[in-house]
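Below is one structure. I have some questions about it.
A, B, C and D label the chains in the order they appear, each numbered from 1.
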Amino acid sequence: MPTILGQNQYGKAENRVVKITRDGTGGTHHIKDLNVSVALSGDMDDVHYSGSNASVLPTDTTKNTVYAFAKEYGIESAEQFGIHLARHFVTSQEPIHQARIRIEEYAWERIGTDKSQHSFVRKGQETRVAQITFDGEKWQVISGLRDLTVLNSTDSEFWGYVKDKYTTLQEAYDRILATEVSAKWRYNWSSEAEPMPDWDESYEQAKTHMLQAFAETYSLSLQQTMYQMGARVIDSRGEIDEIRFSLPNKHHFLVDLEPFGLKNDVADGAVYFAADRPYGLIEATVLRDGAEPRIPVDLTNL
Amino acid sequence: MPTILGQNQYGKAENRVVKITRDGTGGTHHIKDLNVSVALSGDMDDVHYSGSNASVLPTDTTKNTVYAFAKEYGIESAEQFGIHLARHFVTSQEPIHQARIRIEEYAWERIGTDKSQHSFVRKGQETRVAQITFDGEKWQVISGLRDLTVLNSTDSEFWGYVKDKYTTLQEAYDRILATEVSAKWRYNWSSEAEPMPDWDESYEQAKTHMLQAFAETYSLSLQQTMYQMGARVIDSRGEIDEIRFSLPNKHHFLVDLEPFGLKNDVADGAVYFAADRPYGLIEATVLRDGAEPRIPVDLTNL
Amino acid sequence: MPTILGQNQYGKAENRVVKITRDGTGGTHHIKDLNVSVALSGDMDDVHYSGSNASVLPTDTTKNTVYAFAKEYGIESAEQFGIHLARHFVTSQEPIHQARIRIEEYAWERIGTDKSQHSFVRKGQETRVAQITFDGEKWQVISGLRDLTVLNSTDSEFWGYVKDKYTTLQEAYDRILATEVSAKWRYNWSSEAEPMPDWDESYEQAKTHMLQAFAETYSLSLQQTMYQMGARVIDSRGEIDEIRFSLPNKHHFLVDLEPFGLKNDVADGAVYFAADRPYGLIEATVLRDGAEPRIPVDLTNL
Amino acid sequence: MPTILGQNQYGKAENRVVKITRDGTGGTHHIKDLNVSVALSGDMDDVHYSGSNASVLPTDTTKNTVYAFAKEYGIESAEQFGIHLARHFVTSQEPIHQARIRIEEYAWERIGTDKSQHSFVRKGQETRVAQITFDGEKWQVISGLRDLTVLNSTDSEFWGYVKDKYTTLQEAYDRILATEVSAKWRYNWSSEAEPMPDWDESYEQAKTHMLQAFAETYSLSLQQTMYQMGARVIDSRGEIDEIRFSLPNKHHFLVDLEPFGLKNDVADGAVYFAADRPYGLIEATVLRDGAEPRIPVDLTNL
């Protein structure tokens, strides 16, 4: 047989689960809003070669498990919930050797009113993401975010670059720097024998460090700003060994208003055209010295 | 000729304009981020029948005007900016009898850091919208928002409805009520002789009233909640005569966990499946008694 | 009470229904793939004012009806299916005075193979749309399409336009003309006493006429081309009285290659930048002389 | 320094380039419509650590190069165009050690009319994709497609699977099998010393083989169908060593019409609910025995 099966995985993707919890008296409610995707792999040759499903736990069952576990275990954090699920699939089904759980989490905030502790408005800013992988022995947790759009209206320059025969770009000494942050970071936690990070605290801190590094870096290139964002996370959070960014350079071009007798000076407050495509795309991994890079290059590079 | 031209309009759509202003010393920056669409109409028979462009101001010129006006007049509010543009097109070009400016506005908040007053993060919640129409004599301003997702985790029932041979729905006495608010409201301001509303204040107040009415209404149907949201705005804001909603009922179905030996009681914190399609779609106009409804039914009903 | 209820409607939106039929022996299959949205209106004051659902047929029931009717009546065409549904809601429920059914249809073609008459690939070109409205006496049927992207690589000019102080556009004598056609046309059929159009034949013919008019018109403006597209439909199809277009001008800008020592002549085959935003947006109604325009301006003008 | 830079790359993404060519007399036009993304890597430590751009060819220059090369070399195929670009970046700039070019191609067909050989309509079915990577010595070409939606209305079963305590799924003996094909295949061509495949012919053949295998496989699981699709490509096309699929199981659920007194038998033509989320997601690599798998798992697994 000249053709063989390589890496494969299957499961139910995008299970939208919402969990409400009520405090003691029931007056104050809390909400968790997730999108959970399950991918299982193991001894699955038969189903590919012959169509025998004897080793296949249906994707429908993986969906049911997501909903049942939300009731049985609750949803403490996206990462903790994924750990419960991954452990279950690998330990309960012999043919399944590895489980990978991907989760998106949508944040809500309370509607400010005295009369209701059960009313929420979708925050709508970034989407929190997590990927939990378990092979029966080792854990890998990658967390992150996407769709977090940030902008500095000054303190960004770009000059001193290579000029070849196709270069027409003018150097810039005071430009807008804007990007939509997609970041994924890997925790060094890999065994239940080790103390588990506080996933929510870690997430909030990583986000804050990235935002502050973005705001406080006087930028000579988006690469430099990106590295500072990553270094700040690695330096500040011992539980994180590696972070990978995919940062589109959301170009804001100074509009030429001279044909209309207007000066468009930045010192005075300028007018910009916010462009869609094309865009610069800047990607890198930043990691703790000595750590092995394990976040796949294509995971953030969609 | 058996065929004739009816209503027509043209212009440049989706001009993405960002305006930065700097305070006195230049340290503190402010940002306005708009998407501006221009639609002009008037004596435009020739261009349709023969292709003569003698009365056509190019759409490219309308784009240039948007950017030039952002510099010349600044962007005080979306509505005020649209008023400058509409007035200009109608009064400066004889063949143009009416201008309609549609604007989307994206909100930013500051990144909290001592070292930077020029760093922003996209708020990412609702999109603010405005439509300004001017025919040389009368103004019409419709403002609104979309993509504002809200959820009550209790205090919602649905029962006592009509049951025909196709009805299988079970009555609900404690359900989640969630929707993604799309609302458009019309100001009664119609002439520059009248005092102009404070557009930003009006927007913030209308949004707050809708959110609070959503949170505080014990709901027997989404229609009832919607009406309360509208009535609260009309009752509280004298400058607004009419509001129209398009509210998808974002269904959250209680998951049946009995096959797994689990009770999914709401009193105890329940697990829901957040469904995509189909969805209930509830739409209505709420207006001040005596006011004429002028918001087109299809404007919110996409 | 200073606030009152205006126009309102409700129903289940985006019911995704697929109907398979099998020929006599069962070997050859046919597929219909629709997205059906129901909007009902009538005596609905109570549910808005008090939350009483005594006159409310649940949106869930309207969904069930869509699926049941696909079995009971089959899906001959989107329009015919919508007519069955609209008639049912208005005639079977006293409080419901008007039904509006909106349908999207996705086309499939057969996978060319001798061994299978039950395999299909999504055509993926335009989306067919239909809106059927019934108030118990009169019918209105509007059909159309969207997402049909067309391009002429020559025979398009644009010059002789108005030039004001904000005009910088250069005249063009050989440009690309491209647009994504959104068109809605209204049939003059309004009563079951009249013979019903052949909806599928009518759709195919209207589409063909638009495409051919687009291809064969030497264009001095997109407005002129649009008018020709509409006139060709009205002139050729007696059952159609009115058509409305919303045509984004998908700009293809000739790239300036002179800095690289290259001429980018159109005669010789040119290179273009296909832009996203902003875009010209050209909209108009074309109608049979004497016919009353009834397609809402905002229906195609999203 | 505890933190270091790992893998990194940069370039201009989503350059939308359209190339028109005219036959001898100029009457017949041809169109190529691409979306080209450039990613470069090499000696880029300085720009990340210090912001020095001395080794950085601007992303704007990579954009200019795309447009200039479309004129200089023409666009024979997406793959050939990517090869020109990748070779240029790696051989002309010393700090650049590797170039990866990703291309999406949109297909057009002619509008059938005697009077025009320059009019086109977007085909709108699948998107063709290609990724060309060059490190100065070896080439890697991965081609593929996405968004190709296919459906078999019979000859699909699913039974005999594992049943655990969370399993409620009923076995199916005649179901719809539908998916949206995303496939990427790797060519074994890796050096300009070897004869280059005919990229367009190869693409068309790979697509045809996948469609026919989908149509002709009596399916006991989507995994089995997927494997047959891959094996058919590998067996038939000697130039392709490896293919990876990501196939969402687009569930079409038989609607329960019994509450309405209707039987929904498949033999007789059935009615289905086409669901959105969640969906099964089935992914695998199929490869020539002895070939090394090199398509990243996350490349198709977005």
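FYI, a residue touches a chain if its C-beta (ideal position, glycine included) is under 8 Å from a C-beta of that chain, and two chains touch if they have at least 3 such contacts.
Since the model is a prediction, treat every value here as computed from it, not as a measurement.
Of all chains, the one whose CA centroid is most distant from that of chain B is D.
Interface repeat of A-D: among B-C, A-C or A-B, over half of the contact pairs recur, by residue number, only in B-C. Centre-to-centre, using mean CA coordinates, chain C is 30 Å away from chain D. We define each chain's centre as the mean of its Cα atoms; on that basis chain B and chain C are separated by 24 Å. Centres computed as Cα averages put chain B at a distance of 38 Å from chain D. In chain A, 16, 64, 68, 166, 168, 259-260, 276-277 are the positions where the chain touches two or more neighbouring chains simultaneously.
In the complex of the two chains, the chain B residues touching chain A come out as 16-22, 26, 29, 31, 33, 64, 67-68, 70-72, 74, 108, 111, 113, 115-116, 118-126, 147-155, 176, 211-212, 214-216, 252, 255, 257, 259-260, 262, 264, 266-276.
Residues 165-166, 168, 259-260, 276-277 of chain D are the ones touching chain B in the complex.
Taken in their complex, chain C has these residues touching chain B: 1-16, 37, 39, 44, 47-61, 63-65, 68, 92-93, 95, 158-164, 166-169, 219-221, 223-224, 226-227, 230-231, 234-235, 242, 244, 248-249, 277-289, 293, 296-299, 301-302.
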